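Shared between the two complexes below is chain A, which pairs with chain B and chain C, respectively.
And now, the complex of A and B:
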């Protein structure tokens, strides 16, 4: 009975989200797209975090994907839609190659190396003037779907749904057990026969593929990218804050965080043109200090407390 | 034996390389040393915190940025020289660092390391954004006559002002060494760094020591922030590259090895300036350090696996 009602809720939500273009204007669809992009990045960041590895390089893979897609169209004459798949595969392969080396690192060394990799990608794109357009970036001749707002919205939604699906699969399959075991205690995970490197590599490649895909969707929807936009630190900062606020180690937490902060950020951008990002910094600090489990963790605690109270009444 | 021979070969190779560069492009070594001084003197305070409090302070560069802005305001309002302003800047940042430690970092000391990383990351972002809020992203610069001091040797002419940074780095290394080995507080700090539980058992106030070390490191980086405005223009994001560079230098030197930070800085400074010496590779100078850091971190991790 309970299962059925939750399925109905999900189906209802899906219908509403799918039908957004019917009753929202172009501006709101644009806001929705940016929220969805950040949401997908937040979920993908969280997927790797479930293994205990913090990546500060979300923007790196995101930017890499957007450049791969833009350059495939511009220099290789690829179909825009195919270029999104190409970019996702490219980001995945890149992560596969890099993973062999950087997944040996742990804790702060891993985090800082991902940050450094992002900078390397940015500098490379900045300096390959002839190939990547250098600091001015690249402009695509046409925007995918000729810039039709509902079509762009659905494209972004498709990327988000793939991300949610993969994350959900991660939560329900053996991956979840393996990643949680690695996060809790690597030594005991290894002694129980978990192939740590294999699972870390899978998680790293899959999340990088998703981030690359979102980058490609972004660049195809705007028709433009430059090193400073593709590798903008916001693409690292915002997803991180969203996932933390919503509640880490889950799919639903980053989603909730992204909706809250994504909409708040669009409003704040208009209120405080300089420095509206301070809200994110402060949220990160407060969440870490006062509710490390995020809103989701608080909600769970309240439900549990409520049940307990109910049980004693009976 | 083999190790010793390898080391000897390495030293010989480095000497030959340095000599070759010195003859061919002397400015590479000179400017390399100068930027090494700046890198090292910013990285050393962070190394102090990492070595004793065992916290990676990802807001380190932002502390410097805040001090730089404070000094900028003080100097442009009163006409004071930044070198004089080092004293108030150090006091202000020490107090500031102490408050930040008490309010946030202290609460997260027992939390997993990942929480601490994200926490200091958030602190750094907040500080950059506060600067953005007050000063906007416009760059600011004060100019001083003595900065353009230069020396001619033969037909070679180069600026000497930035050697000040090398001096500061050396002073910091000697000063910290004396402090950590000769004074009671310093010895206590060293003991806490090695083993906080053991230090607590023998009666050292660990929390007080952490707070003190944090304030001391903030004061040092605050001083650097004051001097920093003499040679560079400032903007809210000016500190963040230094956070990363500092961390990398510490990782290269090995946590707890403060003099090693200077050698790592020299390697970084000289290789950066080597690329800057050629028109074709100038834009790539920034990448040196990221490549260097990844190589070093990986080298260490692989060596660690074998050993």
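And now, the complex of A and C:
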């Protein structure tokens, strides 16, 4: 019964998502892409969070992917589509190298370091005038698929589906046991054969690869990037807020949060330009104060309460 | 055959020598009691052999292999498992998943195989309703879960650090019986740290006594309990 309803939900969502380009104009497809990009980032952030490591560096890997892709096309003459794969691998390799150092850190020390890394990436791109275009950034000669709105939508959707797939695998495989054990109790994990560093490194590299991929898709879709665009703090803060609102330590939570906050933010942007960030801040504070487990946690609580009520009636 | 050996094992915490020159060995299939007053270094000693702490000097060998500085997860994969004096449940995993962790990561089992063997171990320990959250367990059930998790590692050497603490005598008897049976079946060497002397007398083949980090006596419970040094150090005025 439960399995059936979840299959129906997935099928319905698939139909809606696949039908979008047929019904929506370029503006709404653009909004959908923005929501999907944030959703993928929210999910990838959550995947690392399942190990207890809180990254503030999403925008760093995202921006790194953007630049890797743009510069590969511009300076290396790479095919735009191939450059997305290149950028994803590049972000993953950077995470692998950096991970050896920073994954020895825990809690706020790890968080602050990822934040600092993001700043370093931004400053480097800001100052490498000849290579990265400096503060003005870079403009690509052509937008991928010549800017065809449905095609860009499909590309972004593909990136999102890959992210959801990997996240689902993390939930269903032994990664789930490894990351949860590490988050709950490292001593216990070690005593039961969990190679903590190995699993943290896998999670960090995989999530960074996904973030780099989404950055590359973004830059190829807009045909432009600059340090302040690629490393925009919003790419760290919004995914975080979305995951918190929807419910952390799951795939479905960040997805729900991204849909709600993503659509709300587009609407708010039109109503109160720039003021939407204040509303964001308020939402984050309210969520942390009143439903630390997010919407998902609240839904679970309600289901449990419902079951209990049902049981006592019998 | 000697399974686990330490030679002149020493651990210093700046000024304090918590474990001092301890040389001992554990044989296949034996149940060894590790006793001593509070602060004698029993738990530190287990931390050293299980790799949670690294020694200051001395060596540890497991089945003839030097493992003195091997990381904890490598040792649990080799076959050294343990429980903790303070409980360590993985609170965001279900009971069954808690137990599976040992099988998945120490024995490289698939999730399916691990679930099967975890269920079998829990059945043996009479731990039921395995889809529960750990928050729903009683203290006895948590202790059983932690023993089950250690057993899921399929260890050749197992250390139980005060598992009976906080349990009543019936519960203690049940756990003793299970540990004895499993140790015999698997020819496992078991090291038991325990304050309740009745448990040590009933369960162990041999006892070592630590005091202020030093090994002061070794032998059967009967001989050790008559050793004047032990009586003075451990049993104190009560004897």
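Just so it is clear, the second predicted complex is superposed on the first by the 309 of 314 C-alpha atoms of A that agree within 3 Å, B and C clash if a C-alpha of one lies under 4 Å from a C-alpha of the other, contacts with A are read in each partner's own complex, and residues count from 1 in each chain.
Keep in mind that, in the parts below, a contact is a pair of C-beta atoms (placed from the backbone, for glycine too) under 8 Å apart; a residue touches a chain by one contact, two chains touch by 3 or more.
Not measured: the values here are computed from a predicted model.
In the superposition on chain A, contact is made by A:240 with chain B only, not with chain C. By the touch criterion defined above, A:174 lies against chain C but remains apart from chain B after alignment on the C-alpha atoms of chain A.
After overlaying the two complexes on the shared chain, residue contacts for A:282 are found with chain B alone; chain C is out of touch.
Comparing chain B with chain C, more residues of chain A are touched by B. No residue of chain A is contacted both by chain B in one complex and by chain C in the other. Against chain B, in their complex, chain A makes its touches with residues 52, 54, 56, 101-102, 104-105, 107-109, 111-113, 115-117, 119-120, 123-124, 126-127, 237, 240-241, 244, 272, 274-278, 280-285, 288-289, 292. Those residues of chain C that touch chain A in the shared complex are 50-52, 71-73, 76-77, 81-82, 84, 88-93, 97, 100-102, 104-107, 111, 149-150, 152-153. Within the complex, the chain A residues that touch chain C are 173-174, 177-178, 180-181, 183-185, 187-196, 249.
Remark: chain B residues 56, 104, 107-108, 111, 113-115, 117-119, 121-133, 136-137, 244, 247-248, 251, 283-284, 286-287, 290-291, 293-294, 297-298, 301-302, 305 touch chain A in the complex.
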